[in-house]
Amino acid sequence: MSEIKKIAVMTGGGDCPGLNAVIRAVTKTATMKYGLEVVGIKHGYRGLYLGGSEFVNLTYDNVKNIISKGGTILFSSNKDNLFDYTYEDENGNICHGDVSDVGIKNLKDNNIDALIVIGGDGTLTSGRDFSRKGVKVIGVPKTIDNDLAATETTFGFDTAVANAVDAIDKLKTTAESHSRIIVVEAMGRYAGFLALAMGIGGAADAILIPEIEYDINKVAECLKNNIKRGKEHAIVVVAEGAKPKGGEIFVSKVVEDSPDPIRLGGIAKVVADQLEKLVGLEARATILGHVQRGGSPTANDRILSTRYGAYAVELLMQGKFGNMVTLDGNSMSYESLENVIGQNKAVDPEGELVKIAEATGVSFGR
Amino acid sequence: MSEIKKIAVMTGGGDCPGLNAVIRAVTKTATMKYGLEVVGIKHGYRGLYLGGSEFVNLTYDNVKNIISKGGTILFSSNKDNLFDYTYEDENGNICHGDVSDVGIKNLKDNNIDALIVIGGDGTLTSGRDFSRKGVKVIGVPKTIDNDLAATETTFGFDTAVANAVDAIDKLKTTAESHSRIIVVEAMGRYAGFLALAMGIGGAADAILIPEIEYDINKVAECLKNNIKRGKEHAIVVVAEGAKPKGGEIFVSKVVEDSPDPIRLGGIAKVVADQLEKLVGLEARATILGHVQRGGSPTANDRILSTRYGAYAVELLMQGKFGNMVTLDGNSMSYESLENVIGQNKAVDPEGELVKIAEATGVSFGR
Amino acid sequence: MSEIKKIAVMTGGGDCPGLNAVIRAVTKTATMKYGLEVVGIKHGYRGLYLGGSEFVNLTYDNVKNIISKGGTILFSSNKDNLFDYTYEDENGNICHGDVSDVGIKNLKDNNIDALIVIGGDGTLTSGRDFSRKGVKVIGVPKTIDNDLAATETTFGFDTAVANAVDAIDKLKTTAESHSRIIVVEAMGRYAGFLALAMGIGGAADAILIPEIEYDINKVAECLKNNIKRGKEHAIVVVAEGAKPKGGEIFVSKVVEDSPDPIRLGGIAKVVADQLEKLVGLEARATILGHVQRGGSPTANDRILSTRYGAYAVELLMQGKFGNMVTLDGNSMSYESLENVIGQNKAVDPEGELVKIAEATGVSFGR
Amino acid sequence: MSEIKKIAVMTGGGDCPGLNAVIRAVTKTATMKYGLEVVGIKHGYRGLYLGGSEFVNLTYDNVKNIISKGGTILFSSNKDNLFDYTYEDENGNICHGDVSDVGIKNLKDNNIDALIVIGGDGTLTSGRDFSRKGVKVIGVPKTIDNDLAATETTFGFDTAVANAVDAIDKLKTTAESHSRIIVVEAMGRYAGFLALAMGIGGAADAILIPEIEYDINKVAECLKNNIKRGKEHAIVVVAEGAKPKGGEIFVSKVVEDSPDPIRLGGIAKVVADQLEKLVGLEARATILGHVQRGGSPTANDRILSTRYGAYAVELLMQGKFGNMVTLDGNSMSYESLENVIGQNKAVDPEGELVKIAEATGVSFGR
């Protein structure tokens, strides 16, 4: 029998539409259905380490208006790993090491019986490590790229696609009025799910993704054929990590030195310049950037987030610690945190979605 | 081996976001991948009967900008059943009978080898009947209520939910500022999928659906508890066909005489009046009406529609006539038109989505 | 020289997009520019009467995220007039009378030197009356109908027009797909500004407003001419208070007994029924209702609200008490509360906007 | 008395939301009110030079669904000046010179009596020059920057502000969740109207515009004060042409060589890097780019465009050739094309809008 009376919830890594809806569902399910107390830990693992005012009570009142709010009311922090942490000690010296026991002590001092961690690979890895040390942990996956193997879909993806398609709709009016090619760079260094979805939804003429090496001449040929059919403009969607056939991975390489797409111009600029020459229409590059992951979650993501959050509490109450909530087909399920870390999925180059895109005339440059 | 060279496509029944995206995918796949000719039949079966200028060629150019457009460029008509048709003959007399052979002749006269019909139960029933008479038919299901048993999800539903949640977000500011209960009436005479999804996504306090008889006192109790928790306003979503426990089905009855919700006030008004008395807050009713099914399809629906449309052509080319395209899990599949007519599904009162809604504090009045 | 150190702000009457942006601008200008303290009075004049916990401090932190939020964080109440108030005394008896001195005492007890009241005619009338009794009052006008004579435009109007046009865009896809007339009922019992703006912005075929008596036959004739030009659908916008020529004022009369448009069907239903018969297309009525005034204010309204709020504080600091902030041309100005009450404006039937609408083919039924 | 029977309309320069609404109003007013014929000239002055299939008839049917469509159905071209034109002659030689007479001949050959040109400074300059040569010309101003001295506001500006504020709303969730400064670069090389409006509407902490030289230390100081007040994130809006005090004009200089903001990083990147160091929060730069000027026009811009278009035809019919339509206060008016070219306006550094922004805590870096 579960003796859980008080639980904590935290968010780690980059923000993602739906985080607040998860926090809300966790809080409501825990307090209203099970009569638990809920603590929100601010700033992810940093807050777990710091304790004190980083631990805040979450009640019905705190979460009553947040389902539609982007971001996370608990704030987030990147790359804070308590098992390998850099901090200042009481003498002001910079120290480095495993401070996970401080986190565990903070949980105990606050009488917290279990912990729900919402985050990506890094956040969940630490979740697994805390679980190994005996903390009752449930993970909730978060990846805007939707590339987590263990689960069908993650919240935030639908909103990112919607935001991107909305932007493409706007860009199309310019492309059409000026007979231009507009190359839109999408998030996705390793997986093309987002580029693929926004390309199909945005009626792109070509979609370049990491999973399918592209030949720029094939892309150009497709656009030229469309011009013959009377369409004197084009939208091309390029994932950050798209790779030219035989060539080196443009963006990944540059990203090492300098992670800021604005500084670099990114692959979108390269593709635009090439297409301008090959196709003979003016071409422009656009990088959607953070706009893509911001704003109010779609209805779809609000529902999915609510399911993830509520189910995380159910797992806790069933004593299924050390697991991550997953979406299996269209049902909530779970998988051991031991098995999910680093298990990514990629777009299947011969899968139905790519095939259907090609059937409707989309070029992948192959 | 398929000898299909020219196909026709038509839309029947109420409009639904995504119809144009299906038409586009059919046209693009047929012309670009298979080199077929495509004819659009205007005004559904009425156009099939009338022939002539109701048959229009569909090319790349006709469909190049329609993925984001609501409604149907082929127009639609309701309740035109050529197997039981009312028409005027050449002498101006009103006649009644089976004119399906006229439709078949029009297809032959236009050298149309196969027909894709996009529509709901009525449209698909006729599709089945034409199939029985030897026409090569593929059906594409359309139901904004998402209550078709043979398929996981239909296009248009996601947009309807999104539109409704957007409206609820707007209504909530009024509810909150004036400490009011706002009762929102959703489409759904027989199934509560839409009300359930928009209720969860819109963070409703209560959701009343046809599948779960409600006790208005239970709903009121829930709202009063929320007031104690500090939430002095409420959103209640009511499906048109929601039924009070032991009582008669309010709307369905009235609907017989007069299908116009505006004239009736609808069940939303009844529920609002009851809750105002029981809860002690001002209550208002709102009927979303056609706004719910209008407008540009969501990115999600554009993708789903594209899959339905492209796959319909694939089925045709594979010679799998007499079938309807379905979504099975997350893959496109098909099912015989003989098996799908009248096979509706309903919300499972003990299913995961209802349970999760209840876990997060939503009352279904039970 | 002004000796104002602490001010209060309150909102009265129906909610309106931009109220929070006004509250924010008042608070920021008062605290950041002038170092004042700001008190928010909840629930309008009722809160002024009740005092105590209805008075809350407003700081930078309270208002930092509210510019985009619809409604009012201070809540509102309708029809609470302290000069003619119904209340329960300490013995539980229902009493009735002038309790304005209680309000004044509450201001004094809280050391509040001046009061900014944001509201419509009723709210401003009380504001004037408090001003007559020596309270330092500044009024900020609020009317979603934009019918206040003293000021060019009021906040909320732009958002209401935007919401309505967005709804019309959605309704148009249904109208077009089904060759229907859709009659959209807009707020506006006495003035047609909203109907006129949403009609022009929504490309309506006809606009019926209180200021121009309409002949339904003229409207029908216009729609029939458009059908001849190839447009087999129509959007007709009707203000609640539109009047048939020679006939009685349909809605106004009914409204006496029963103010709820949903129950009545409203004038939209009447017009739809008439047009269906006269024009020969199916017609449907839609009442936009509260969706129209809800949601996040447009960028335009956020700016206008910020100007109203900031300027209200400037007037206070300049000692110009007893005035209402106005927009004069494109500049902020003010006018005595003594002169503005009950001074409404109406659409000029021969004004530029009506003339331009007519030039572009819109029928006003005359 | 006017003998105008047939008019032409064309669009030049960058696309702008509302162009189609102007074309629609021109066409409807000309055909429905005055019974004129209307010709649309495609691709601006290039189409005027080419004639033939570049001249298309515009009827009720062509414009019936375009009010909500971004871009221009007549397409546009940049920098085509027939008075100084580069073209290929019949022998394939590249020639250069004044070909305005070819344009005039094309008008005559098509029996076009008058020409409405919609565009920015370049387009209107040619309009003036054609007017000087006797062509009956009316100009309609188009500038997304709203910096035309002769008119109060131009269409497209409201939509650009709305799109930008929508983007800022999205970016804010990331800024807040990660305690970041986000620097948003707005269009506006010479005028800060857009940056100012989107900054106020988006609740920016600082707004840097060409008209007010900024001291980055002052901006940093403002953000640090806000952090003390509890706001650990910031939005800073920077116009492309913003100038550091005493420093050189960063962007304008770079723009000479290479007009693409994505390649450059732009001033937003410079400001973000500086603020990150000075304030001690992570800072990111975002360039809104073409998304800002794309998409469906706001209701407001649709109305304004309709007024511009309808009034242009009125001027023609009144014989007031050689003039440009203007908005004077809130009324349509006109001004000679001889007087408006190159007459730009700038944000008044001591004007009401800047003052109100400062009153509500916005820093302009001064």
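Chains here go by letter, A, B, C and D, matching the order in which they are written, and residues are numbered from 1 within each.
Definition applied: a residue touches a chain if its C-beta (ideal position, glycine included) is under 8 Å from a C-beta of that chain, and two chains touch if they have at least 3 such contacts.
Fair warning: this is a prediction, and the values are worked out from it, not measured in the lab.
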Chains in simultaneous contact with chain B and chain C: none
CA centroid of chain A to CA centroid of chain B, Å: 31
Distance from the mean Cα position of chain D to that of chain B, given in whole angstrom: 41
Inter-chain centre distance, chain A versus chain D - centres from mean C-alpha coordinates, in Å: 36
In chain C, residues with contacts to at least two other chains: 169
Pairs of chains satisfying the touch condition: A-B, A-D, B-C, C-D
Chain B residues within the chain A interface of the complex: 24-25, 28-29, 32-33, 59-61, 64, 67-68, 152, 158, 161-162, 164-166, 169, 197-198, 200-203, 226, 229-231, 296, 298-300, 302-303, 306-307, 309-311, 313-314, 329-332, 352-353, 356-361
Chain D residues within the chain A interface of the complex: 14-15, 17, 19, 69-72, 75-78, 163, 167, 169-174, 176-179, 182, 260, 262-263, 265-266, 268-269, 284-291, 293-295
